[in-house]
Every structure is written in C-alpha cells, then in structure tokens.
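Labels for the chains are A, B, C and D, by order of writing; each one numbers its residues from 1.
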Amino acid sequence: MSSFFLQTIFNGILAGCIYALFAIGLTLIYGVLNFVNFAHGELIMWGAYFLYFLMDRPLNLPLSIAFLPALCLTILLGLGSDRFIFKPLRKASRLTLLITSLGLSFFLRNGAQFFWGAEIRTYGFEIKRGMKLFGVSITPNQLAIIVSSTLCMILLYLFFYKSRMGKSMRAISDDLELARVMGIPSDRAIQFTWIIASFLAGLGGILLALDTNLHPGMGLINLVKAFAATLLGGVGNLWGALLGGMIIGLSENIAVLLLSPGYKDAIAFGIMVMMLLIRSSTIFWPKE
Amino acid sequence: MRKIIYSLILTISCLAFSGVYAQETYKIGAAFALSGSIAVYGEGFKKAVDLAVEEINAAGGIKGRKLEIIYEDNKSTPKDCVTAVRKLITVDKVPVIFGPAASSNFMAAAPVAQENKVVMISAEGAAPGLTKAGEYIFRVFPSDVLQGKGISDLCLRLNFKEVPVMYVNNDWGMGLKNVFVENFKKAGGHIMDEIPYDEGKTDYRTELIRAIKGNPKAVVNLTYIKEGAVMFKQAYEMDIKVQWICGSAAKSPKLIELAGKAVEGIIGTYPVFSQETKEYKAFRAAWKRKYGDEKIPIFAEYNYDMVYLTAKAIEKGGYTSDGIRKALIEVAKGYRGVTGDKTFDQDRGVGSEYGVWTIKNGQIVDYKKD
Amino acid sequence: MDLFLHLCVMCLIYIIFALSLNLEIGYTGLFNFGHVAFFGIGAYTSALLTLHHFPFELGLVMALTLSGIFGFLLGLPSLRLRGDFFGIATLGFGEMIRMVFQNEVWLTKGPMGLPGIPKPTLFSFRFATLPQYFLLTLGFTAITFLFLRILIRSPFGRVLKAIREDEIAAEALGKNAYRFKIKSFVVGSIFAGLAGALWGHYTTFISPNDFTLLETILVLLIVVLGGKGTEWGPLLGAALLIFFQESLRFLRLPPEYGRYLAPLQQMIFGALLIFMMLFRPEGLIKERGRRVYAGTQRVE
Amino acid sequence: MLELRGLSKAFGGIQAVVDFSARLEKNRITGLIGPNGSGKTTLFNLITGFIKLDRGEVFFKKEKIDGLLPHEIASRGLVRTFQLSRVFPRMTVLENLLLAPQGQMGEKLWALGLKRERVRDEENRNLKKALSLIEKIGLLPLKDEFAENLSYGQQKLLEMARLFMANPEMILLDEPTAGINPLMIRKIMDFILTMREMGKTFFIIEHNMDVIIECCDWVFVLDHGEKISEGTPEEIQNDPRVIEAYLGT
C-alpha cells in the first residue's frame, strides 16, 4: 500500500513539474500583457507535434538533433501569434483578447488535427521497464522531465534575478499596478516574454509527450491545469505558479485514489473555480 | 490570414468537383465516422464496405444495376449523426442506411430512420438496446449481452474470482461493464473496484495504480485501441504484472503497433467465427488483392457481410425500404457469411460464439490455455 | 425539403441559444464561456421528466426553472469577478456540468445518454412530425425574440447597457450593478435552458457529448459574427453558420477527405473568430443607437 | 447635510487620507483643493463607498452611510462624478440621460410585465424632461448619437445634465472643468449655480481657482492626506500654509 502511495506522489510531482512549466509561461504572459492567453495550451501541443514532425517520416531526425529545432519552431509560433494577432490588438480590451485567443486556440488545435488526425501518436521509442527506487518505478523519460524542469527553474531564476531584462519583466509581472503606470511595455520585453513562454510551453509539451503520448486535445486540458496553478499561486507571481503546479499535480493524483476517477479532470476545474471565488474580493474593483 | 482561408476554400471546391457522379445505381447511405474521435475505426469500415461493393459490381451488380455508397460524415457526434442521416434520407432518398458505429451515435440517429421508414443497419454497435427504436433498425453484430457474459465466463474459467474492472467512460464501455458485472456477480465473482476513465487522455497512471491497489491477479479492462495502448504502455513502465482481460474493441494490430511489447500476453474475448470457412478464406484473399496486406481492421468482416446481406435484400425485395426490411429477414435466414450464421432473432439482431484472443510475439492469435 | 426544415429547426434552436447569450455578452457585457451548461441543464431536465412520463408542459417549465436556479447559484459568486476571470470561471463551470452529466450515472445514465425522449405534446397537441416541430420552435423563437426585445428596450435593458459600458459609473448613478448582472444572467440561462429542452425533444437523444466546449464556441461565434448587442445579429449569425456548416455536406467530397473536413471547418470557425476581432469587432450588423422611443412622436 | 468624522485610509503604508473631519452645510458649494496626489479623489472615493474606510464615519442627512455600497449611497441622494468624463460611450445622448432618474419602475423586471401602464407613463415623463434638458444644453441635434461621438466638452456637459436628471440632493464633482475650453467652463459653472438655486448641495474638487472663487462658499485644503486649512476662498488664497503646500517645501 505504501509503495502505491509513494508512486502516486511521484506521479503527482511529475505532473506538477510539467504543469509548473506551463503555468509560469501563462502567468508571464498575463503579467506582462495583461490578458489570459487561451492559446497557450496549443503552444504546448504544437511543441510536441513539431518534434513529432521532425522525427517522423520523411525527415526521420533523431531526438537529439530534432529537439532544439522543435523548440525554435514553437517559439516562432508564439512570436508569430503575437506579431500577427495580438500586436494589432495591443490596446484592445481584455475581453477582446480573450475571445481572440480562444479563437486562436481553436484554430491551432484543429490545425494539428488537420495535419495529424485525432488519433494518439507516439514518438515510437522502445518501451522500457522503469527502474525501481524505494518501490517507485521511474523511467528514463521521467527522470528527464524532473532534471530538465529543475534546470529550467534554475535558468529562470538566473534570468529573472540577475539580468536587467529579467528584472524589469519580473517587476512588471509581479506588480500590475506598476505595469499600469508604466503603460505598455516595450516591444523587446514583450517579445522576450513570448520567447520564454513559448519555450516553456514547447519544452513542457515535448516532455509530456515523451512520457505519455501526443494528442491534439492535450493542450486544452493542460491549459486548464495551468490556469488552476496560476490562480492558486497568485496571478502574475512566478514562484506561486511553480507551487500551484505542484499542488494541482499532487491533489489530482491523490484524489483519483480516493474519489471517483471520472472526476479526475474536474479537480483542476474545481480548484480553479474555487480559487477564483475565494480571491474574488481582491480581484474585484482593482480599477479606479 | 485571409489568403490562407481563401486558398483553403479553393482547395475544397476543387476537391468537390472531382467527385464522380455515377448514374442509374442503387444508392445506399452510409453515415460513417470519417472524422472525429472514432475516425480511426471508420476508415477500416469503409475499406471493408468498398471491397464488398466492388465485388458485387464486378459480378454484374444487382439486376444489372450497380451499387453505390453515399458516405456522409457523422463527425463521431450524435448531433451530426442525426443531420447526416436526415441528409441521406431527404436529399439522397436512400431506402437503406449503414448506421454510425458508436452505439450512442447510432441510437441518436435510429429514431430518425424509423420515423422516416428507412432501414438502418449497424455492423458494430454492441449496446444491448440498440435496435429498440423500431422494426426498421437491424444489427449484424452480436449484442454485448453476450460478450459481457463471455468475459465473465473467461475470468471464472481462468480462476480469477476477484477482479477490479476498468472501463472507458462512454456508452460502449459502460454498457459492457454493466453486463459483465451483473453476470460476474451472479456467478459468484467479486468486483474489487470499478474505475471509469475518460477517452483520449495521455496519462492513466493513477487510474492504473488504483486498479492494482488490492493486488489483484487479473484486471478486466474494457478499453479501446488508443486508450488501451497508452495504458498498457504505462502499466509496463510501472512494472505492473497482472493478467489483463479485454473485450473485442481492443483486438487490433494497431494496438500492437502503438504499444509494442507492452501488450504481450493480454487476453480478451471477441465474437468468434471460424477463420477456416471458405467464406472467410475468400474474404481474406480478396482483401489482400485489393489492399495488399492482411491487416484486416477490426469489425471489417461484419461490414463486409452487411453489404452482401443488403444487396441480397434489394435483389429480393426491390429497392424500397419496406421491401428491403422484409427481405432482409428472409435472405438472412440461414445465410452463412464471413462472420458465420446471420439469421436475425426477434430483435433484429444476430447471435455469436465468443472466443478468446491473446497477443503472442506481436501477433494476435487464439488463446490456448497452457 | 425535410432537410431544409431540419436545418431550419436547428437554426431556430441556435437562434434562441444565441439570443440568450447575446443578452449576456452583447447587452450586459458578461462574457459567459460556459453557456452550454444551461443548454445542457435544460435538455436533461426536460428529457428526464418526460421520460418518467411527466407531461411536456411540466418538463419545459422545470427545465426553465432549473436553468434559472443554476444560473442564479452560479451567478451569485462568479458575477463578483472581473470580466475575464468571470469568463474563465464560467468556462470551468461549463466543463464541470458536463462531467456531472457524464459521471452521475444514477441520474443521467452517464455516457449512455438518454434515448427515446418523447416528442412534445403541448396542450394535448402532439408535435410529432418535422413541420409541426418546426412550427413549435418557430413559435418559441418568436416568443424569445419578442420577450428579449421588450426587455432590452425597457429601462431595465438600458441599465444593462450602462453596466456593459461602465460599471463604476453605473454604480455612481445608483444602479446596483451586481443585482442587474445576476438578473441578466438568470434570464439568459433560462432561455438557454429553453433552447436545450427544445433540442433534446427534437433529436430524441442526448448524451454528455452534446454539451462540449465546441457548442460554446459555436454559439459565441454566432453572436460575435452576427453583431453583439444588436437585435438581429444572432439571427443572422445563426443562419449563416448553421447553413455554412451544412452546405459543406453538399460539396460531395470524396470520403477519403472526410478526415480533413471537420478540423478544417473548425479551423475556419477559429479563424473567423480571430478575423472578426481583428477587423470587425462589432460584427456584421453594427450596434446603433435606437432612434424611436416609446412615445417620442407624441412628445412635442 | 454631510458630516465626515475622522476619515482615514492608508495604501500599503502610505497614508492617503489622515483623520479628515468636516461638516458640509445644505445648499452650499464647498470646494476641495490641494496639490496633485494630496488625496482629494481618495477622499471622494471614501465618502461614496468606492473604497473601504480604514477608520472614520460618514453621515449624510444624519444617517450613517459609511460601509454602504456605492449604488446604495448614490440612491440615497449623494451622487458623484469622476475626474475623467464617464458618459456611457455606446449609448445615445438620450439614453445617457434617461438612465439617470432614481428608482425607475421600469428597471424592475416584474414591473415590465405587470405595471406596463405605469412604466410607460414614467418613461414618457422622463423623456419629456430629458428632451427639454438636451435642448437647453444645445445637444438636441445629437440626441440619437452615441455619446462616444461627442467632443470632450460636450461629454462633460452631458454628464452635468445627467446629474440634473438624477436630481440628487448633494453632488460631489471631481474636477468638473479639467481639460475643457473656457466657454464650456462657463456653461458648466452656470449649471452648478442654477442647481444651487434649486437647493442642491455641492462638494467640488477643483484646480481652477477662478471657479473656486466664483462658486465656492467654503474651501478645504488637503495636503498629504491632511486638512491643512479651511475657510472662505479669500481667506484660503492668503493662507501661508496653503501657498507653501502648493509651491512645495
């Protein structure tokens, strides 16, 4: 029983690592550009599919070579969506942006379905038994997830606390009041934000797909979790997003053991709605 | 953006005009899942139907007229099934329709066919109450009432008296689960846990952990191909060693393609028909001739039989829905198709034996107790 | 002809659905992304009651009542949220309701869906055939349209518009924005429930799959495309989209391309949404100030 | 009319308003001046319930109104405007005015069905009043235009007309003459004075000393959230503390 429990916790942490990568990107966009990007989930999914595209026929590239180009393509997608869609709407209301990003999300999701179909795909690596560690089985892919997401966190820390660009981005993101005073951030800061957010989304998507599978619907469902994590950690707060991701990952995995598994996804939704309602007193009336 | 949309629209219209118009044919409607969540299956069904049609037409058609299938995409949703069937009935004016695959989709569309007095046939719907809508609704696939009992019998035969059951949380999974649980309990078995899971997810690890919580020797997993592939792979990675028992929906080469050695040794039931009959051998040979391989997709045989039965019914009863309805029952009596005896019972369904399949060395083979 | 009537019925149901959303989005400025939940509640309530041999009249009334009650209960906490967070909360709510339909098997039969929903009988007249059902939905659409029109043109509707334009200024003029928003949300939910009930009795089969995010996007697109905050916009939007969607069937594509068609169509929907936001956010019909007021001519 | 007792508010350690007490008499125009960032608008927000008080009490017509919601305060007859014009941009000029009357029967859902006659009569009455008002401010040709199509000055004027329509007992004006041309300022001042004739009470934040001198009976001076002086406009003009506050330390 205890090893089941340990395994569950491990699965939770694993999921949490990935949710955190998504949530940080999401919250960064929110912090700097001040809107909720529904299409963020699709960056996750396209990141994974870009890698699939490069590794599949006819290119047949090995993972080590295809990995970076796939990330670059994801970043291009993120930058492209900003340049052609969100930039012209820079001064539009948040709701306009919300609907636009919902439309973009829908477009991209079905785009993937158009090219690759609705079925589940894998990168086609041979399946390996996980190694046992204290009764918990860990596959090499899962190890890669933990290592690379930790690495990402360290890099992010260095960027946000040591570089000037990072510091100013953090300032804008953390403090919405300041952001309002400073007006619209510079194009360079916005581009950087998109680069980082798409990078994290693409990386998370690839890691997730390595561990599990690819599916055009993988973006949306993970977006919900990222939302929940973001709200849990406080909108615009980077480290809150990390913590929130972990909590979501753990709680939904533990909940499956206790509740009806049919409601697994409902947990993230539930946390999301609950957080919104609890925080409503602070979210309300911030204008003026 | 605008350019992209225009060019896409242009592409569609070009495709549209390339569609061939044949004349003086017997048209049959087919509301198949060409897109959406179960499109994976739809493609295979279509291949089988096309094969049968080609054969019939090559042999001179029906009374000199060729058979033509009008495919309508049902997008795997109940809403679009209704629209697709309505379109087939009112625009193409077909007297007979090959219905949607998933039981819930079929059941959404069946009342429309019944109401308009158009025959609708299912070649893969397994839900027990599928043909309830009325006398125009037929099935050439055995009901899950039989398969649920088959799985229960299999468990007991292998001496698994306590099992948890996992199932896809949709109409098919749940329907089968209910019949299985009912039979299993009646026979003295104990259900340790019931674990529904959503379709189309990528991570089922926690569900798996919950399934093996009580250290069962075997787990009944009523799964599709996609979900099964993901699950068995993850079970393998987590080193879960139980005997997996599945239904017929997972029995496909595609499962092995997706999950590789993780599915070695799983077993499952399926409606069995002898592969030694001359009908089956002829079918397999014809398949190989047309498609160049022997990877016969799941339920292809039933679709194949469905076309032949319908053709015979048109020949005998004429090209009207009432003619077909009455003739179907007559021509099917004692008819031996690829999938065996197709005589309809009073619910316009067919019976079947159940066999056990397993995967050995990457091949689907009949299970033999060793 | 039957297909045309069928499409008309679908179109009319979507018009009711879109009109109710337009009250929220177009007139009150509430970006409800979970509107499909109330559509579902209406459909399930009426279907379950009539399946248990209650009369259709009761089923319909209960469908509207329950949609309204759920609208009230959801609105109570979430309408305190700022616009975009309200959108996300409703999105979450919409999905959660669908999961309830999917998992509460004792009530909804879960994924099996509810087959055999009886055709409605209203005051002992049975709307069984397609033309009859068409007339029934036409009647309900007309009632919805006129009711919402009276509402929107009334002083009540005026306050809703003021809240959409500037909530704080409306408060400063003594309008209880929160309460007006709840009222608008409840009325919107009730009419979404009506659309759902009509939908369920029309197809005679409902399952959780009918109430996904896709429906929300479709109805959102109808409102945005047609012109939010206009009386005729949702009608135009629904007619355009439903007939566009179904006209693709007549392209006679070779079935091999079927796989591409559904995603393509939905890509077009997504692109259309972006396109509208970028180039014509007000929709095809532009909102205009109404010139004639009750009694304007008489005042002199 | 309005009594403030020890209003205080701090934002994250910065005292925006410190222990502000005052009595505003009926039918008088009271001014509120002070350098930028001295807490004038915050004070207005505190009185009208848009920001919660840390400490203090507000009495309006001897009734305690602190802790009430903005719309509750407004419907008791204490209405405010905002620094930037806040007309409803995508509503017509006429609609903007028709919105203002308090306690309209037609805003109640049930009344729309049950009291149709009364709703219609009330609407006609309001309409008549609104049209004559629009004529008075010279916007009649624009009555069916969206308010967003008006010039800024016209919007301000519309806002004043809206206040007139709302007919509250007391009005808080936040810089009514900021950013508009002298001709408009004149019109707005006339508006204020006419309404005072009708028995209204005013509390005005204003930078334009000419307006203060001409209109106000009494003036409070705020600096760093504290009341540093009060008196008639003439007294204030010559108060060294005020001059110091304006010229900086």
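Just so we're on the same page, contacts are C-beta pairs under 8 Å (C-beta built on N, C-alpha and C of every residue); 3 or more make two chains touch, one makes a residue touch a chain.
In this text, all values refer to a predicted model and were calculated from it rather than measured experimentally.
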{"item": "Set of chains adjacent to chain B and to chain C", "value": "A"}
{"item": "Chain centroid nearest the full-protein CA centroid", "value": "C"}
{"item": "Remotest chain, chain A as reference, centres from CA atoms", "value": "D"}
{"item": "Pair with more cross-chain C-beta pairs in contact, given A-C and A-B", "value": "A-C"}
{"item": "Chain A-chain C separation of Cα centroids, rounded to whole Å", "value": "31"}
{"item": "Averaged-CA centre spacing for the pair chain B and chain A, given as whole angstrom", "value": "37"}
{"item": "Gap in Å, rounded to a whole number, between the CA centres of chain D and chain C", "value": "40"}
{"item": "Rounded Å distance, chain A centre to chain D centre (Cα mean)", "value": "47"}
{"item": "Contacts with two or more other chains, residues of chain C listed in rising order", "value": "102-103, 168, 259-260, 262-264, 267, 271, 274, 278"}
{"item": "Residues of chain D whose C-beta touches two or more other chains", "value": "50"}
{"item": "Multi-partner residues of chain A (at least 2 other chains)", "value": "117-118, 260, 262, 265, 288"}
{"item": "Contact set on chain C toward chain B in their complex", "value": "1-3, 6, 10, 102-103, 105, 110-113, 115-116, 203-207, 209-210, 246, 248-255, 257-264, 267-268, 271, 274-275, 278"}
{"item": "Of chain A, residues touching chain C in the complex", "value": "35-36, 85, 88-89, 92, 94-96, 98-100, 102-111, 113-114, 117-118, 220, 224, 227, 260, 262-263, 265-266, 269-270, 272-273, 276-277, 280-281, 283-284, 286-288"}
{"item": "Touch list for chain B against partner chain C, complex", "value": "1-2, 4-5, 8, 12-13, 15-16, 18-19, 32, 34-36, 39, 42-43, 46, 71-73, 75, 77-79, 82-84, 86-87, 89-91, 104, 107-108, 111, 116, 127, 129, 132-133, 169-171, 173-175, 196"}
{"item": "Chain A residues within the chain B interface of the complex", "value": "1, 4, 7-8, 11, 15, 84, 117-120, 122, 126-130, 132, 137, 139, 208-209, 211-215, 217-218, 221, 252-253, 256-257, 260-262, 264-265"}
{"item": "List of chain D residues in touch with chain C within their complex", "value": "48, 50, 69-72, 74-75, 79-82, 86-92, 94-95, 98-100, 102, 104-109, 112, 119-120, 123-124, 127-128, 131, 144-146, 162, 166"}
